[in-house]
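After this come two complexes, each holding chain A, first together with chain B and then together with chain C.
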Partner chain A sequence: MSKKTTSAGIIRKASLSHTIKMELRNNWLLFLMLLPAIVYVIIFAYWPMSGVVLAFKDFKTRLGIYNSPWVGMQNFKFLQISGKLGLLTRNTLLYNLAFIFLGVVLEMGFAIILNEVIGRRFKKGLQTVMFLPYFISWVVVSAIMFNMFNYEKGTINNMLNSLGMPRFDLYNSGSSWPLVLIIVNAWKKTGYGMVVYLAAITGLDQEIFEAASIDGANIWQKTRHITIPSLVPQMMILVLLALGNVFRGDFGMFYQTVKDNSNLLPYTDILDTYVYRSLMQTGDIGMSAAAGLYQSVLCFVTICAANLLVKKLQPDYALF
Partner chain B sequence: MKKLLTILLALALALLPVLSVAEEGAAAVTPPVHRQDYDYSGVDLSQHYTVLMYLVGDKFAGTDAVVAKMNEILEKEYNTTLEIEFLPWSDYQTKYPLILAGGEKVDLMYTASWCYLYTEAAKGSFFTLDEDFIKTNMPMTYANQKAESWGQTTINGKCVGVPCNMMVPNYKYVGIRQDLADKYGIGPLTSWDDFMNYMLTIAEKETPVSGIYAMNAASDTIELWRTYYEGYNAMGVYSDDFLTFYPEDGALPEAESIRYAVTTDMFKQYAHDMKKLADAGCWSRSALSNTIPNYEAFANLTGASLVWNGTIFNHMHTAEAAGAVTNAYDLSPNAHVFAEEYNNSVMAVAENSENPERAAMVMDLIGFDYELNLLGNLGIEGVNWEDRGNGYYFSDSTQESYPANSNAMGWWMKKDYKIGVYDDARREAFDNNFKSRMVSNPCTTFVFDETPVKAEMAAVSAVKNEYFGPLTLGLVDDVDASIAEMTGKLEASGLQTIYDEFYRQYNEWKASR
Partner chain C sequence: MKKATVSPKGTVSSPHHRFSRRTLTTDVLLFNGIGYALLILFALLCVIPFYLVVISSFQAENVLIREGFPLYIKEFSTASYGLVLKAPESILRAYGVTILVTAAGTLVSVFINTMTGYVLSRKDFKARNFFSFFFFFTTLFSGGLVPWYIICVRYLNLKNTIFALILPMLFSVWNMIIAKSFMSSLPMAITESAKIDGANDFRIYIRLIVPLSTPLIATLSLFSALAYWNDWYNCMLYITKTDMYNLQYYLQTMLNNADAIRKAASMSNGAVTSSAQVPLEGMKMAMTVVATGPIVLLYPFVQRYFVKGLTIGAVKG
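Up next is the complex of A and B:
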């Protein structure tokens, strides 16, 4: 019996090795094209992963990452005693969920609308205008916002004042910031995110739309029954990928727009900005790595859970 | 009468530079130290080596020319070249720890009590300078460095850098728009109450008309807070976060008298005053998010006051060039003036240095050799400064090429081999006054080893930073409630654990004195 199993194993191995060889021989050009991507992922994604050990080490410059002494969970103590872990995790998660789901609605919605615009020049112009904010850095966005919402001298407050209305104290009203940040994020990123959906719509079989038109379907019906269902696979992939970073905030946005304004922090502080502010002075690599690991573990759990859910509901749309 | 007094004062100020030059024969300078008198035979100079020094701050236009001149000597006599890299103010906080941890080439690193000295020392980023090493590779430093200065860079018995070797007053000047003060009949500012009155008057009468804030504050008012507590003869122990009062009897303060600064009654009073100023409109309600530095606002005439060190005179000059009349005041003329700590500027050899001996030698040469020190400190004679004879020199502080003592290397290497002739008589009068009142912080050599409580220090510091800005800008609804909330969070973050460790180490240090 054991002899039989062994022989079968050898045969399977030999056949696998043969298949790989055949694959490589037949598709060597494709594998060659894939090589840079594999090298990239190994260097920039897998290799740095070993640095995770820093979260459990008391980093010493002389000893380097791997020879520094182990300190167990001591580096996590900072996060634990800060008393902010719950607030920061909640803020990071809720902001990202809002960004993801609003992003999907706006990006898909605008892609569909833009696809229906007939004038080619108008369509291109509109797309460019929507795309432009993506290229404006958060530093500039922050400066624009400050000039608009400065309490005494901001454009909007001056307009309100000249209309006899009370000024709006945005920089001391933390509760307004979730809305502000969601709007600003949507303004900046919708144009860019829309491109994927626009490309997918362009690739849809036009004969289906023509058939629907012949059957008397109007634009709304075609959108609801053809376009949106056709975009679901793209949407699922994008959402799942975004969920993988749901515990990582957009540092540029949160740090530049809010800066160190402590009055806003209860509503705007996320894990990334808190760790940056707290550890900037100490420059403690171990504690920073511990915070990063905490985020990574949460992200990993989230993406696995989301993927499992999708796999159960729609196996074809699952990532892995 | 008032006009006459103003004219007399102006005449007196105008004559001051002349007077200072007229007194030139009386300059009290440190005797020059010359490299030729010291033996460097213990340093292996057989191979050429380039010493890379990192400084924080921005590079001056004339830096390359100055370094080239220094290299003429270093290359010829010591087979060594000095190269300087700058970590600009805009992002030095991000880059500094990475330079040391990232394994990049670095030989000499500027550091300071405010610039990662203790945190990087705890990581072992700086080469330990023991006595034999200093004796062999840094003979001038060994012979001339002030004995009491070493304690400030000695952590757990290990010396991690060479501190500055000159004692200068560390005090804050308050600059104001004198033309506005005169316009509203405000007399000279000689107390905190005078300052409050000036601020409230400007907010009430000037801001609504011209839009000029009494102070165009940004993020917090930390410099004003320092001025405030120094007025009470309070001093920092280890850092400005731990305050106690200067002991008039000469004894070292009791450990329990040292308190976390933001939990003191003094801070509470200050926060109440700041609320009063904020409510009166002395600065924008958006000041917490303002990124235009206070000094820039003063220089471009959008702010009517400025609190800082001697550099305020440069900004006053800019404001004056734009048509304003400015003046500087001391709000606590009867308080002590504390000497700047030696560790306010330190040069360290990086642990990663490929040639620590050569790095130390260069540090020794530029730090003490008369010729090299004058070059690094003042720049090129005839280009950046001129010799006025009898130990005096003149350097235009507004020159952009290489102003004296203005980069991090200059702060560390400054020596009074020559006495500067002021280009602002007001500053000279202040500095002479400050020097006459200068005392040394008796706790200056106490260094707190944060390692056992580093998580608590980070958490407590995060809480302090969260409340410091709103409280020092008066942008809270209820000062007492905010302070009570902050104190509760500080305690939850481990403040008592920090106190316990701080007092233990302090008492040990005190017993060893």
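Up next is the complex of A and C:
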């Protein structure tokens, strides 16, 4: 660096600190209004970030996060030896991909149908009904599943039984769980996700549709050649943003539906449930922290990558 | 994206279905036929599970024992509810915890989220970009559950306090961004002219901006209230005292723990009954209904605000 730029830098620095001082004096009340959120974020987000060092430590409650002894990569080594990391990553990824794919199909499909069909009041009622599952907690979902799938008493097993078919033991057949979880997820979230697409459809230029009708296009042609293509940009953005979170699972769903059935874990265990179990049940804090850090880094990388793609396609929608 | 118009009733209106009606051609009829078949199928799938739970809760216990959960009411009985409500202390207590946490949490959370959103929406505030990123970064990277849990328990001593149920969901960057983008759409002139009149920033926020933001505040309140009402996770992590359980976690322990429900049932009988006599299944279902009731009854009325909120949120500011 030449002398010139350095001195310019100093001047800029001085003026920056001057600006900060001026800002603080003139807008002190605005800073004060930000203060609760700033304090909150420091305590509940930035402070825990410093706690990722736990992944490289042997945590002792007595010593706390910062005084516990360092153990290098040992936690990660144990995690690797346990051989679970691959399975957990794969489960988290595949479940999320399935959720995203089916989500797009159902949400966009139902939004198009709901927008197009005749009968204002009736379809409003249907939309309300489809929204219902979004409002209940995962605990209630687990009660519903108990009601339907319980081996001896469940409604579905009663029906199978009365039809002369063998009862279906859901909690002992892990291989059917991917399908079950995909259905449960779609059941709970479609009514909500649909709304975004409905809003996008209403935002479309209606003249195109009218022009197409005058030219003799039927409803299928309009849907296929106008509605769907105009929703694609919106869809791409939603999918990319969802892909950014592809390594973050819905803990509530997996925890409440699977419950304590450890024989299901090979099919249902995701990173989030593993981290929780290691922390709260097996007390394996080191491995839990290591898996947590692994997940955080993975998420960070995928979100940044997804955002980069969005920025290239449609800069307006980029997150940052 | 174009800002979609949402009708005051909440359903997104479809301007071009009007002329489809005029011309009921075969393609329109076919589309409606298939469309309604799919919609009704999905809507039924959404309702039937709730129906089954309610039916089971009103079923006489001997039917439940003999035949399991039925498809319709074979023998009407309110015995399960009688048992749930006979010794109502613990469930009322759980209700109390949930109502307190929901009310306090929603109030403070909406206040902080909108106030922060307002400051960051002020175009004359030079540090807005810096602080926007300061908040936003926390959604990109997080320390994960383990450090968070240890900090809450060991350093902040939140275990078995009511704050453990309120604080973790108090500030949400996404809700703050929704507030910020809504408030950015309000005319700058409001703030400017009020400043000239000598009002300070907090006064402007409380007296002018908040009254103009009722749809935003309604939406954020509902998002927040629903999150608090349905929360069991923080209770599971931080609360071990049974008399501090919130409603959802209380329900969870009842569903998962046969002993807990037996205890609740025998308490209400006044004597220890053998487990065979206790209508466990019916009681579980009745408890589910009691714990879900208010939110499900409320939701048709508040649904439109969610629709509105999603539309506000979809327009990134």
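Note that in this section the second predicted complex is superposed on the first by the 214 of 320 C-alpha atoms of A that agree within 3 Å, B and C clash if a C-alpha of one lies under 4 Å from a C-alpha of the other, contacts with A are read in each partner's own complex, and residues count from 1 in each chain.
The rule is short, and it goes like this: a residue touches a chain if its C-beta (ideal position, glycine included) is under 8 Å from a C-beta of that chain, and two chains touch if they have at least 3 such contacts.
Please read all numbers here as calculations on a predicted model, not as lab measurements.
Chemist: Report for A:146: first if it touches chain B alone, second if chain C alone, otherwise both or neither.
Modeler: In the superposition, A:146 contacts both chain B and chain C.
Chemist: Should A:262 be classified as contacting the first partner (chain B), the second (chain C), both, or neither?
Modeler: After superposing on A, A:262 lies in contact with chain B but is clear of chain C.
Chemist: Looking at the overlay, does A:93 come into contact with chain B only (first), chain C only (second), both, or neither?
Modeler: neither
Chemist: In the overlaid three-chain picture, which partner chain does A:78 touch, first (chain B) or second (chain C), both, or neither?
Modeler: Touch status of A:78: first partner only.
Chemist: Touch check for A:228: first (chain B), second (chain C), both, or neither?
Modeler: It touches nothing on chain B or chain C.
Chemist: Who does A:277 touch here: chain B (first), chain C (second), both, or neither?
Modeler: first
Chemist: Contact-wise, after the overlay, does A:195 reach chain B, chain C, both or neither (first, second, both, neither)?
Modeler: Once the two structures are laid over each other on A, A:195 reaches chain C alone.
Chemist: Touching A:127, do we find chain B (first), chain C (second), both, or neither?
Modeler: So A:127 only meets chain C here.
Chemist: Under the stated touch criterion, name the partner, chain B or chain C, that contacts more residues in chain A.
Modeler: C
Chemist: Tell me the contact category for A:48 with respect to chain B and chain C: first, second, both or neither.
Modeler: A:48 contacts chain C only, not chain B.
Chemist: Return the residues of chain A at which the contacts from chain B and from chain C coincide.
Modeler: After superposing on chain A, chain A residues 59, 61, 64, 146, 150, 152-154, 259-260, 279-280, 285 contact both chain B and chain C.
Chemist: Please output the residues of chain B touching chain A within their complex, sorted ascending.
Modeler: Chain B reaches chain A through residues 93-94, 96-97, 100-101, 103, 116, 119-120, 123-125, 211, 219, 284-286, 288-291, 351-352, 454-459, 461-462, 465-470, 475-476, 489, 492-494.
Chemist: Taking the touch rule as given, give the residues of chain C at its contact with chain A in the complex, in rising order.
Modeler: 1-6, 9, 11-17, 19-21, 23, 25, 27-28, 31-32, 35-36, 38-40, 42-43, 45-47, 49-50, 52-53, 56, 64, 67-71, 112-113, 115-116, 118-120, 122, 125-127, 131, 133-136, 138, 140-151, 154-156, 167-168, 170-171, 176, 200-202, 205, 226, 229-233, 237, 248-249, 251-252, 255-256, 281, 284-285, 288, 291-292, 295-296, 299-300, 303, 306-307, 310-311, 314, 316
Chemist: With touch defined as at the start, can you tell me which chain A residues reach chain B in the complex?
Modeler: For chain A paired with chain B, touching residues are 59-64, 74-75, 77-78, 81-84, 146, 149-154, 169-172, 258-263, 265, 274, 277-285, 287.
Chemist: Which residues of chain A touch chain C in the complex?
Modeler: Result: residues 19, 23, 27, 29-34, 36-38, 40-41, 43-52, 54, 59, 61, 64-65, 109-110, 113-118, 120, 123-124, 126-140, 142-144, 146-148, 150, 152-155, 157-159, 187, 190-192, 195-196, 198-204, 206, 209-210, 213, 218-220, 223, 234, 251-252, 256, 259-260, 272, 275-276, 279-280, 285, 288-289, 292-293, 295-296, 299-300, 303-304, 316-317, 319-320 of chain A touch chain C.
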